[in-house]
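Just below sit the structures, each encoded as structure tokens.
Across the two complexes that follow, chain A remains constant while its partner is chain B and subsequently chain C.
Then we have the complex of A and B:
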């Protein structure tokens, strides 16, 4: 019988880091190939490989933590640091796009008409759909906090309801943004205004979809009794990510939608 | 060097707060606040906030949107062939390469004007 004299988790050998790396390589090079040579095979292969990797890697983590008990307090602490560091890296990712936006909008070039918004651009009214989107995300922040307290207090039904409500609000945001993208009088090809607008809000929207998916996985796990009132780090990580997405939106709203209009 | 040590000290406590798991948090609450009950019914507080503040807030914004939508006109913005807009230095990798991903024929003009209705 083998046992360890420490509280840490020495993970079993796994193929997922390699398949993930190969998938990421195929995805990125596939994107370049698609842009220049109009072939989607590399891109599709990369996407499938990456999705399979994510599914199996995270499934394995759930098995190790929830079913095999490897996530002792020190291990959990490490996971917490990991999530904090990851979210920090995402903050810097978005910082770059805000930098690009402010660089272009604080000193608009003569080609744009020397003004911001540039000549010929009809901006979106910040007090219509964007304001509703803000309310939706702020509300989802309240519901996800309700979900967290419900889990901590062992309120199973309430946790399921509040988590479902959070996910629905996330879907509503995505739906509203997609409508806005379609109805907008400007496109990504409309100079630096279009570029900064759609790249910043586009990546944000992608993160909303990722966050909603993370929360949906948590909902499935909550229904299947994975979480206890004292140990539910997967949910906490999803909630942290969701709050991060909400905060990024607030910055987007203030900078691009409101100040930039 | 000393400044660096002081900086890491200052960062340690907020980081530590995030790394405290609910298990440790609850233990401290239960021991320090016997009979206080402040943290115990927080789910109810957030449930109330959800239905009294958050969701009505969303409803108000939805109403505001509906009313505003009725008021403004749905005319096409005038087309002026500005060179700094509708840039096509590289074709889009889909369709005829001329339309953006969320192209809206009513709202989005192509580089030489709005699309005619010849369909």
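Then we have the complex of A and C:
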């Protein structure tokens, strides 16, 4: 009985879920140890283990799908559902921080001066760097769509160019936002304004970095001929994630930067 | 180790990128002169076998919804099988919760012991 008669992928046993779990344990306990005992060894160990796990696990998925052909149409469908569910969970993650922001800003307490922005807070002008950031991310949404169509139409050069442009725009956003963080007249310690601002935009920035990394991996794969014009789900997943990051920024911009200023 | 791997990935990528920028003919120019392979050119393994079979109108891996048959003597339910027998579960009527299970053997068509629909085992070779 050499071959299976179904189109699904029965994955071979793998050590990466275990190493990932151990890495997560070391990260979390390492964080606590760092807070209380000023030692970063557990934290560093956890981080290294987690990074190694991610690299090897995803490398194995690429091997199974691209090089061994296990990602038949039904398997791809499953991967699509998985990515959609993951992004949905991230939406709820951000929903929490928006809830916190609106809770504090719609009915500002007397301690804040009964107003929003709170007394003493100089907000950032939404029509300066934040508006540029909005333009940068919207443009990157256009370039990533260009990249997708290039791949579907078999245009290698254009796919590489547009994907590179998308990543560069992502880096530009991160650079601009880092500058803003450095120059901001308020800090995370400045009451609930500072907390909601930096936690929400901070997690968004982290997701921009994650998204840029995902796109960069796709660029590497595209250059190495992994994608075909009909099957390039890794890229589609990265593009979905990137659009999600863009949409979160739009909500951040409208709520915190504009309405909240 | 990871450093060396990253270095190797970067060098391969740069080399491939460079060879594209120097307008040499893309060494992957098969039917797609524009440089991105098609599934027909590059799909491999189970994915390739499944796609090639679907292109020829066959579905050996049961990816598509099964066809509807009348279940009569003239038009029995066709049951593909890689061996000599296969389990059949008959829902005699829609919404029935009691499924009638029976083994379907190769040879003449068999009938469901409850509703009498005809089932015919058909040998199905897996592509390889």
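Here is the rule we use: the second predicted complex is superposed on the first by the 260 of 261 C-alpha atoms of A that agree within 3 Å, B and C clash if a C-alpha of one lies under 4 Å from a C-alpha of the other, contacts with A are read in each partner's own complex, and residues count from 1 in each chain.
The rule we apply is simple: a residue touches a chain if its C-beta (ideal position, glycine included) is under 8 Å from a C-beta of that chain, and two chains touch if they have at least 3 such contacts.
Predicted, not measured: the structure shown is a model, and the values here were computed from it.
> Report for A:153: first if it touches chain B alone, second if chain C alone, otherwise both or neither.
Both partners, chain B and chain C.
> Which partner chains sit in contact with A:32 here, chain B, chain C, both or neither? Use first/second/both/neither.
In the superposed model, A:32 contacts neither chain B nor chain C.
> State whether A:85 touches chain B only (first), chain C only (second), both chains, or neither.
In the superposition, A:85 contacts neither chain B nor chain C.
> Examine A:72 and indicate which partner it touches, taking first as chain B and second as chain C; both and neither are also allowed.
second
> Does chain B (first) or chain C (second) touch A:41, or do both, or does neither?
Neither: A:41 stays clear of chain B and chain C.
> Is A:5 touching anything from chain B or chain C once the two structures are fitted on A? First, second, both or neither.
second
> Pick one for A:52: touches chain B only (first), chain C only (second), both, or neither.
The second partner, chain C, only.
> Once the shared chain is lined up, is A:230 touching chain B (first), chain C (second), both, or neither of them?
both
> If you tally the residues of chain A touched by each partner, is the higher count for chain B or for chain C?
B
> Where on chain A do chain B and chain C both make contact?
Common interface on chain A, chain B vs chain C: 73, 153, 155, 229-231.
> If you look only at chain A, which of its residues touch chain B in the complex?
34-35, 38, 73, 76-77, 80-81, 84, 111-113, 118-122, 125, 127-129, 131-132, 134-136, 138-139, 142-143, 145-146, 149-150, 152-153, 155, 158, 162, 165, 169, 178, 181-191, 194, 229-233, 236
> Can you check the complex and tell me which residues of chain B touch chain A?
Touching chain A: residues 15, 18-19, 21-24, 26, 40-43, 45-47, 49-50, 53-55, 57-58, 60-62, 64-65, 68-69, 77, 80, 82-88, 90, 93, 100-104, 107-108 of chain B.
> Within their complex, state which residues of chain A touch chain C.
My answer: residues 2-7, 52, 55, 67-74, 151, 153-157, 159-160, 220, 223-225, 227-231.
> List the residues on chain C that touch chain A in their complex, please.
On the chain C side, the touching residues are 2, 9, 12-13, 16-17, 20, 26, 28, 32, 34-39, 41-48, 50-51, 60-63, 82, 124, 126, 128.
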